[in-house]
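Below are two complexes that have chain A in common, paired first with chain B and then with chain C.
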Partner chain A sequence: MVPFSLTTLFHILPILILSGAAVLLMLIIAFFRSHKMAFIFTFLTMTAALIAAYSSDGSVQSVTDLLRISSLIQHYWILILFSGLVCTGISYPYLRSTTRFREEWYLLLLVATAGGLVLAASYHFSMLFIGLELMSIPLYGLAAFALKHKPSLEAGLKYLVLSAVASAFLLFGMALIYASTGSLSFSGAASSSLMLLGGGLILAGLGFKLSWVPFHIWTPDVYQGAPMPVTAFLATASKVAVMIAWIKLFAIFPVFHEQKMTLLLTWIAGASILLGNVLAVQQVSLKRLLAYSSIAHFGYVFIGLLAYNHAAIWIYLATYVVASLTAFAVLSSLTRMGDDQVGDHWVALRGLAHRHPLLAVALAVSLLSMAGIPLTAGFIGKFFVLAAGVNSAQWALLTMVVIGSAIGLYYYLRVVSILFQVGERQESAAPSISWLNYFWVLGLAAMTLILGVWPSLFV
Partner chain B sequence: MLNMILPWLILIPVVTGFCAWFSARFHAHAPRWLSLLGMGSVGGLLLMAWPTVYPQGWWGEYSAQWIPILDIHFHLAIDGLSAVMVLLAALLGLVAVMASWREVQKNVGLFHLHLSLLLAGVIGIFLAMDLFLFFVFWEIILLPMYFLMTLWGHETQLGRGKSHAAIKFFIYGQVSGLLMLIAILTYVFFHYAMTHHLTFDYDVLKQTTVPPQLAYALMLGFFIAFAVKLPAVPFHGWLADAHEHAPTGASIDITGLLLKTSAYGILRFCLPLFPEASKAFAPIAMTLGLVSIIYGGVLAFGQTHIKRLVAYTSISHMGFILLGIYAFNVIALQGVVVLMVAGALSTAGLFVMCGQLYERLGTFEMNAMGGLWSRLLFLPPLMLFFAAATLGLPGLGNFIGEFLILLGAFKVAPLFTVASTVGMVLAAIYSLALLHRTIYGPALSEITLAKPRLREKFILFLLAIGLLIIGLYPQPLFDVVAATIHRIV
Partner chain C sequence: MEIAFYLAGFIAVLSTLGMILSRNPVHGLLYMIVSLLSVAMIFFTVGAAFAGALEMIVYAGAILVLFVFVMMMLNLGDTVMQIEKTWLQPRTWILPSLLSVLLLSQLVAVLWRNHLPAVGHVVSAKQVGIALYGPYILAVELASLILLAALVVAFHLGQKDEVRESIAQ
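Showing the complex of A and B:
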């Protein structure tokens, strides 16, 4: 048993801030409905939590038996909170045209982000599950937030049903591990065949959230149907949080290092890279394209995982998060709640450079970053992952990366070409873009470039 | 002095490029003059610092820390070979700006930004002595080239359009670049395993002795990246399409600079880093060279699009260069450098002329040309001149290069050399075919075309005089690169 004292709670300050704020926001909404107020409150809370996470000293601290904080966790908290912050930021202009229940949106975002933090810090299967559900359940609501629009509703339901199945797999896996070791705590118990089965089921459960092939089927539909900031959250905060949980399990349980398991993981990685990239080629909607490309990106991450190189994984995820958020920030500037299906279609994006040059350049920067072009953040991430792969001699997966990059480059560049095409001018008045959107889009794009030119800032 | 100007050689085009971009809103001609100024001052700066006695090692070095945890430095160095290439880059940069003076009317500022960034990247390739930095420059030049092709390229009826060609160009470059990156990383980690010193520095890594099999694999990683840009025959698919759609300025830079970066890369990296593996690989490389010479020549003859024709002639030229590089002797390597410079000038001349014909005729199709001698003043004789240079007429630069390559290669691989002389015959055939299809024959129309302007004449004379000087008195060029070549062999 880890001795408990109130001071240890200080180490989980970001979680406490977010949870407290969620309760407070609920009260605020009950008495006083104001979109602007809810937004500002959430925004400040997220910022405070981010500062708290950033300023923690990063030493290894156990908070009861359930949570454990370390420098690694702190790094992931920063990523999750940063994604949460950006998603909140882009939500405000996105929600301006809706009238119903806008305040609850922020409540759900807060809870989901808190769930992500819990998941990241969990050191016990019960906490892992609570964190995962705390993050997922608000997301069902958020994905279906545009209730009047069928795709959004479909996204919410699909995510709910499939998530539930994945949770069942996860729980069954936990039960098997419990049966084998008699403990729900993360302990490096020696592997047995029961453990192997349990590990496989957990892999399936978490793999669903990370949309690894073959658990990826839900990704494009949910991405496309969900409102833009929610898609951004799903693509960044949610995946990062599940990834760190998985990294911990992978590092702690020897069962995942067995040869059969490693082989399985290599196959999953290779298939994710290849299938994600190949399927992305045929898309005509940027959200779907990003969904498939995220499948491929989380395949690349595997290389860092199999090389046991935690630094490489974090750097890759950080660059991926910044680039993805840039893309989603641009897309959410161009859409309003309910017209997502139109806003990210090629037709709408054609000639964007002539209508909104800054947005087009930012989107191009983010796509080039995802393609891993030097002097963008994405290149640094790819470089570290490749270095990890070369260092651990994973030639098969490196070959997949080369092939995947070629295909990836094709569809990313095609979008860039579309942005700069002289398209038929759209007669319908382009939605005016608020300064808040410009702030996020330009800030994130600049960040993508700065991290690429001067990587010492974060590695 | 030379130490401190090295970063400026890269920075100046970047700065003038951005200035050009912003200046577009003040005056239509401002970007053109600014980028002309940028390219001119790169050349001028280098000439000012040109040493009177050529040192044996680096002429100058510059190093600054970039990414400390990987010990990556912004390390630049210059020697004879780099200096020649940078000077060539500046000259062709000037030519490219002048050639696009009237062709580009849309987004002029942005066009010159990309042109300047491309030049800065190419100069970076010639100067970078840190493998990471080299790779960054190697990849980054794809981007301005891609935008030059998609935004200002020519759309043709046939084929799949300019953005397709641009993406194809990019993918070829990126995939081959990734193979090189993996080779670099393997090399660096091998060095780390041996010495526990993580570094990407060229001079340090050069000291490593790599076991033969690994060296061969690494050498292949580098070679494929270079062979794609060269392009040697199985990797040449992007070149003709890229040229067909690229605007004139970009075409000049593709053949004049991009292709030369790969020959430079082989000379700078493949041979000195992996000498034994390169020797073992020589027969294959020479075969690729031979195939390129003949294949490029035959395909050039079959083209009806004038820029595609010129593109294939450059494949043939690069075949000679590959043959010369892998002959591993001083004479052949001297020939390689001469042919790199002369080939760049003569092909640039032809591309400039393609652009000028396009401005007058509105087409690159040779079926629509014919009999231009009677319709156009001044340009047809110059066309004759550049075609003669391409076919290797004695007295002009290309002849010296090809002659020395054949002379040097004959000692090593007589059979290859004899076979490759077929290329000279093919060169004569396609060059004459080019002339017959364009300037000779019956005129298709009676209308006289616009006379060339002073600017157009100036570019062509500049290139022609360069070819003549190299053809008549190549010794200074030999002297500049002598030290580098002796170190390679």
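Showing the complex of A and C:
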């Protein structure tokens, strides 16, 4: 038996804080329902967990056989917790018009974030699976949270059914790897044909959550139907957590470096970049556009992965998360629970610059960052990924990136131009925007710019 | 023993197909119980007696019987009883029962001869418990958190008036 003491638990303090807070919040809800209190409690918990993750020393630590912490994991923990914090922050104004059962929302967000942390730190297949489910199950509920609202229910159901299929693939892959190595721990066992099959199935299972191209069909519908802060969580924290799990598997198992597998991965990356960008062009709703562009973004990340350049992946993901959160924070300020369907349509966004100049500027900054324009964070991310690709001579994929970025530039700039067009005046229903929304939107937009001009802050 | 393994595997595949193909939910559930029982049988044949017993008690015994109960309880009233009668005709039982009897005879034969196979090694309930509350304690705790989340989601989705409204729309 593994020596197991309380001091080792200290290394997973963020997970403990979040899970403890989830249980505590459940008890609070049972006795006393208050939206404001649930929000403040969750917000403080996320902040505490973020501080705990930030202040750990980043040395390699094993917590039982199941989890392993390192400075790489710590970086991703901070990213996941930051996304969770922002999603909590934009939830409060978003939920102000709903009347019932708002408190559970925060409980589910806490559990989902804890699941993301577990997934990131997992060093054992059982923990990989538990972390994935711990993150996904609250997200099914959150995606379907607006029960009166058909698209939201549809999003929840689609995500549930397709995730279950993906989990089955993942489990089957794990079983095959277990059959060939006899261990569920992440150990770099030599590859065999059985391992290759298992690795392929695991790739399909995780690729679903990352919406790489053959597994991407669910993304736009779920993004569009889910409530705005949930979409933000799906696009950032959820994807980052699965990505780091995949990065670990890729680094540890030699089976993923076999020629057949590398060829498959290159195809997936190229197809994701191309198809994500091409399909994004036809969209008329910003949420769907962001869904397709996220498919392309996770194709770009692949170049860093195939170049074994962890710094490039980390920087790209960090810039992607900040830019995405900015966009979703703006969209969530403009909508409330139940009316997302129109809030992100071009018609609603036309002339935003004249109604809410600050929000329009922030949205423009985030879109420019995603397009990779210099002076924004996205440029730095794309620069590192391209440099990694050039160093490892992946010319085919780099060509894809160039084509994809050109298409991306077109549709991102088109949205920016829509924002600054003169729209018909909408006298009615200009919802007041709370200071909390302005805080997040402006803070995140400022962050996008600061990271763009001073990237050494996070390298 | 190899014959027992392949037979159980064959029944598992067959009954799972039956579960997917049957239009009536109750029939499907009956097939699914058989499928789980045959998977339990596979566990027995490879020496994982404890896993096999758990599969029977937890999945076939508890969860699916609960499913069947819920399925039955949702359809109260005379007309529905009539429908149920047409659903659950005696001949519905023939194939699931036949497959179950086959499995049972297999199990009895295995226990009768009392030689557990050489494949793998036998894991006792005590060892499983020690492992769960030793190195795997974090997995157990986090699994309980999954249940909490699932409970909260189920509670939220099960709100009465909101669901009725959305159906009415």
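Throughout what follows, the second predicted complex is superposed on the first by the 457 of 459 C-alpha atoms of A that agree within 3 Å, B and C clash if a C-alpha of one lies under 4 Å from a C-alpha of the other, contacts with A are read in each partner's own complex, and residues count from 1 in each chain.
One rule holds in what follows: a residue touches a chain if its C-beta (ideal position, glycine included) is under 8 Å from a C-beta of that chain, and two chains touch if they have at least 3 such contacts.
Bear in mind that the values here come from a model prediction, so they are computed numbers and not experimental data.
Student: Contact-wise, after the overlay, does A:208 reach chain B, chain C, both or neither (first, second, both, neither)?
Tutor: Once the two structures are laid over each other on A, A:208 reaches no partner at all.
Student: Once chain A of both complexes is superposed, is A:169 in touch with chain B (first), chain C (second), both, or neither?
Tutor: After superposition on chain A, A:169 lies in contact with neither partner.
Student: In the overlay, work out which of chain B or chain C sits against more residues of chain A.
Tutor: C
Student: Just to be sure I read the superposition right, which of the two partners does A:126 touch: chain B = first, chain C = second, or both, or neither?
Tutor: Second partner only, chain C.
Student: Kindly classify A:147 by the partners it touches after superposition: chain B alone (first), chain C alone (second), both, or neither?
Tutor: After superposing on A, A:147 lies in contact with chain C but is clear of chain B.
Student: Look at A:100 in the shared chain and tell me whether it touches chain B only, chain C only, both, or neither; answer first, second, both or neither.
Tutor: So A:100 only meets chain C here.
Student: Tell me the contact category for A:233 with respect to chain B and chain C: first, second, both or neither.
Tutor: neither
Student: Just to be sure I read the superposition right, which of the two partners does A:391 touch: chain B = first, chain C = second, or both, or neither?
Tutor: A:391 sits against chain B, while chain C stays out of touch.
Student: Please identify the positions on chain A that touch both chain B and chain C, taking each partner from its own complex.
Tutor: none
Student: Considering only the defined contacts, which chain A positions touch chain C in the complex?
Tutor: 1-2, 4, 12, 19, 22-23, 26, 63-67, 100-101, 104, 107-108, 111-112, 114, 118, 126-127, 130-131, 133-134, 137-138, 140-141, 144-145, 147-150, 153
Student: Help me check something: in the complex, which residues belonging to chain B touch chain A?
Tutor: By the definition above, chain B touches chain A via 66-69, 135-136, 139-140, 142-143, 146-147, 150-151, 163, 166-167, 170-171, 174-175, 178-179, 181-182, 185-186, 189.
Student: Give every residue of chain A touching chain B within the complex, in rising order.
Tutor: 368, 371, 373-375, 379, 383, 386-387, 390-391, 398, 401-402, 405-406, 409-410, 413-414, 416-417, 420-421, 455-456, 459
Student: Residue numbers of chain C touching chain A in their complex, please.
Tutor: Per the stated touch rule, the residues are 130, 134-139, 141-143, 145-146, 148-150, 152-153, 155-157, 159, 162-163, 165-166, 169.
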